[in-house]
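Listed after this line are the structures, all set down as structure tokens.
What follows is chain A paired twice: with chain B in the first complex and chain C in the second.
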Partner chain A sequence: MSVGAMKDQWYPVGLISGVTEEGRDSLLLGEPIRIFLDGGTPAVTGEGERPLPVELRYGHVWTCPGTPTRPLFDIPEADQLGRRLVDVGVCRVRCSPLRAVENFLDIAHFPFVHTDILGSEPHTEVTRYEVGIREDVDEVWATKVQFFQPQAAKSAEGGITTDYMYRVCAPTCSVLYKTSPPMPGEWDVIALFVQPLTETLCDVWPWMALYDDDASMTDLIHFQQLIFVQDRSVLENQLPALLPLDPGMEIPTRADLTSVAYRRWLKRNGFTYGAQLVAA
Partner chain B sequence: MILYDYILSPSCYRVRLMAALLGAEMTSRPVDFHPGREHLSPEMLALNPAGTIPVLTDGSLTLRDSTAMLSYLAAGHDPEWLGEDTPAMRATVAQWLAFSQRLTSSAGAARAHDMLHGPGDIDVLRRAATLALRELEAAISAQRRRGMIFLAGPRPTIADIACFPHVALAPDGGLPLDPYPSIRLWMREIRALDGFIEMPGIHRLHELKPEPGPMPDIRQTRTTRDPKQNA
Partner chain C sequence: MQVTEEFVLEGKLGSADLSPWLLRHAGKLGLAIALRVQTDERLEMTLSGAPDLLDAMEMGCLLGPYDIWVDSVARIRSGCRNGG
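This part shows the complex of A and B:
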């Protein structure tokens, strides 16, 4: 499998706070990498100690195994005063990195996988929403998404209809914006940064920028870990393991519009590491 | 009563599940085990020098072993769960409590390795876990031939609760449960207990929700089956 255009993209490879002098071995798109402190600054090397470019943003160390075609995507909310920035930590999943992102974009599974937290029966309907590719920034955006949730966030008390926006800003990174229960005019930011180890193995690094002055940092971390680990066993059992980009293998419904747009965008950009291109 | 707790820890879940089944009141004090490694902080090490969670405190009592917590909760709320009907039953419970430690150090360590970058040789851990799962499958299978399904007798005890979490979460560590039909039936019985609570990776029995129309009572089916009919 050729790595193709994904080689020139940015990927998270660890928490900035977790980098040590002795370093840690990992993989990126199948290539062995090493993350370590070089004179107190996080550094990343690839095969043959080849130095890789490094960015330190959103609590994580970012690198690119090829030549970056554009700067690391911007999340302006990361710099807004009053937000709590939450490093959730790693969760490894035996699945395609693209499937991890695709699951994050899906709303319809909330009542069945995140029962009584992000959704509940019989409130299972995904109402009509808008999806498009924003050509100026080359990102997938889903807007006007609404869903009834019994406990949308750690700070939520009782059920509310939550507004969502989804954004795919890199092949393995997605950001969702949702109604902030304590600040109804603002959006909470929840990001899923996925490090593709191989085509069927990934390290997922969730990260959040929330308005919540009450919950402890540990509570915020545990809420997100709870949600993500509920998804983990589902992700590990999805077949085929590689995300199909051609129609036929899986039949999308109206609720899957974001997933359809994501797959088209991946194919159009040649982001096929972790994908399957053969039509059924 | 305060439980120093982590939502993803099977050993903490043991205690939460036991308390829920007994209707025992407990305050959860979340510990940032991952990524914060708070269980190794000076405050937590003062509470438990072994650096493990859960820790349970009740007044001046501090418990650092999750199976001891199960005994404490059961003795205080419903001693039936201790399984002390006969000397043999009592010893069987004690034996399964010790066995549950083997599950923690094999299936539990495999899960921590595969999910949270935990240490260890994954092949060695999975081999040890597979041996433990086979032993458990054989024991439950023998119980079923006697018309029972729980580990130490005709009703669930702390032995079942001690073993359940690491077994149910074994697939998280690359150990599928497909080869163990008796284990899967036993897990289903535990998930059907009144007051059962879930944790990430262990789902509730959706199919047991009230349905419109008559539903077969699976407990009825089990208890009325005559084991001699299979002979």
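This part shows the complex of A and C:
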């Protein structure tokens, strides 16, 4: 599979706080990279020690293996006072990076995979919501999403109907906005930054910007890690391993509208690294 | 409940793969399908079956085979039958 248009996108490659002088080796879109401190500043090189562009944002080091076609996407909430910014860490998953993002967008799995945390039976219905591509920023947005959750966040006490918005702002990055239990009228932000190591292996770097003055940082991290570890076992057993852009054996339903919009957006932009183009 | 709807697809539809793909996908969903008009930019077909499965057909059409691009799917209900 050609890397194609995905070569010119931004990707997370590590926590800013985790970069060392000695550095470490990693992969990006199947190519070797190295992340290290150069004069105290994080730097990234590609094959042949070619310097790659670097951005430091949202607690992470970002790079682009090609020529960036646009700046790194903006998450304005990252600069709002009163939010706690949480670098969750890394979770390696044996799945397509596109599958990891698609799973993040899937509300319908909450009661079955995150039972009694993000969902519970019999509250399994996904009510109708709106999905579209915002042409001015070329992002997928799902809005007016509502779902009942027994424990929507670490700070939630008891079940609440949670409002959501989903945003796909890069081929392997998605941001979820959800009702903030302690701050009605504000959104908690949970982002999934995915580093595509290969077409079937990725490092997932969740990041959060929350209103929560009570929970310890350790508890916040453990809560999000628990959610993602539950997802990992599902992700690593999905077939086909690559994300199909032709539905083929899968039958998407109206509850999958965000996933359908994401796949259409990938197809339209030629973001096909990690995708299966023709149904098996 | 069984309903019959006219589906009108618009976009870049000039692929020989599209018609067989639609017939196959409708078959997987257990829908009755009749293709009526197909040009490189527009396809009209009649589909009958359960409403949720017609919704699933719409989702499938939005993706379609890789070498086509569907801009829009318009649906017009033309019949409705309870039972069966």
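Note that in this section the second predicted complex is superposed on the first by the 278 of 280 C-alpha atoms of A that agree within 3 Å, B and C clash if a C-alpha of one lies under 4 Å from a C-alpha of the other, contacts with A are read in each partner's own complex, and residues count from 1 in each chain.
We take it that a residue touches a chain if its C-beta (ideal position, glycine included) is under 8 Å from a C-beta of that chain, and two chains touch if they have at least 3 such contacts.
Not measured: the values here are computed from a predicted model.
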First, second, both or neither for A:245, with chain B first and chain C second: second
Partner chain in contact with A:68 - chain B first, chain C second, else both or neither: neither
Touching partner for A:182 - first (chain B), second (chain C), both, neither: neither
Partner chain(s) touched by A:264 [first = chain B, second = chain C, both, neither]: second
Partner chain(s) touched by A:92 [first = chain B, second = chain C, both, neither]: first
First, second, both or neither for A:253, with chain B first and chain C second: second
Which of chain B and chain C A:217 touches, first, second, both or neither: first
Between chain B and chain C, more extensive residue contact with chain A: B
Touch list for chain C against partner chain A, complex: 21, 25, 28-29, 52, 55-56, 58-60, 62-66, 69
Complex interface listing, chain A residues touching chain B: 15, 17-18, 87-92, 94, 112, 115, 216-219, 221-222, 225-230, 232-233, 236
Residue ranges of chain B in contact with chain A within the complex: 6-8, 30-32, 34-36, 38, 114-117, 171-172, 174, 200-201, 204, 206
Contact set on chain A toward chain C in their complex: 245-247, 251-254, 256-257, 260, 263-264, 267-268, 277-279
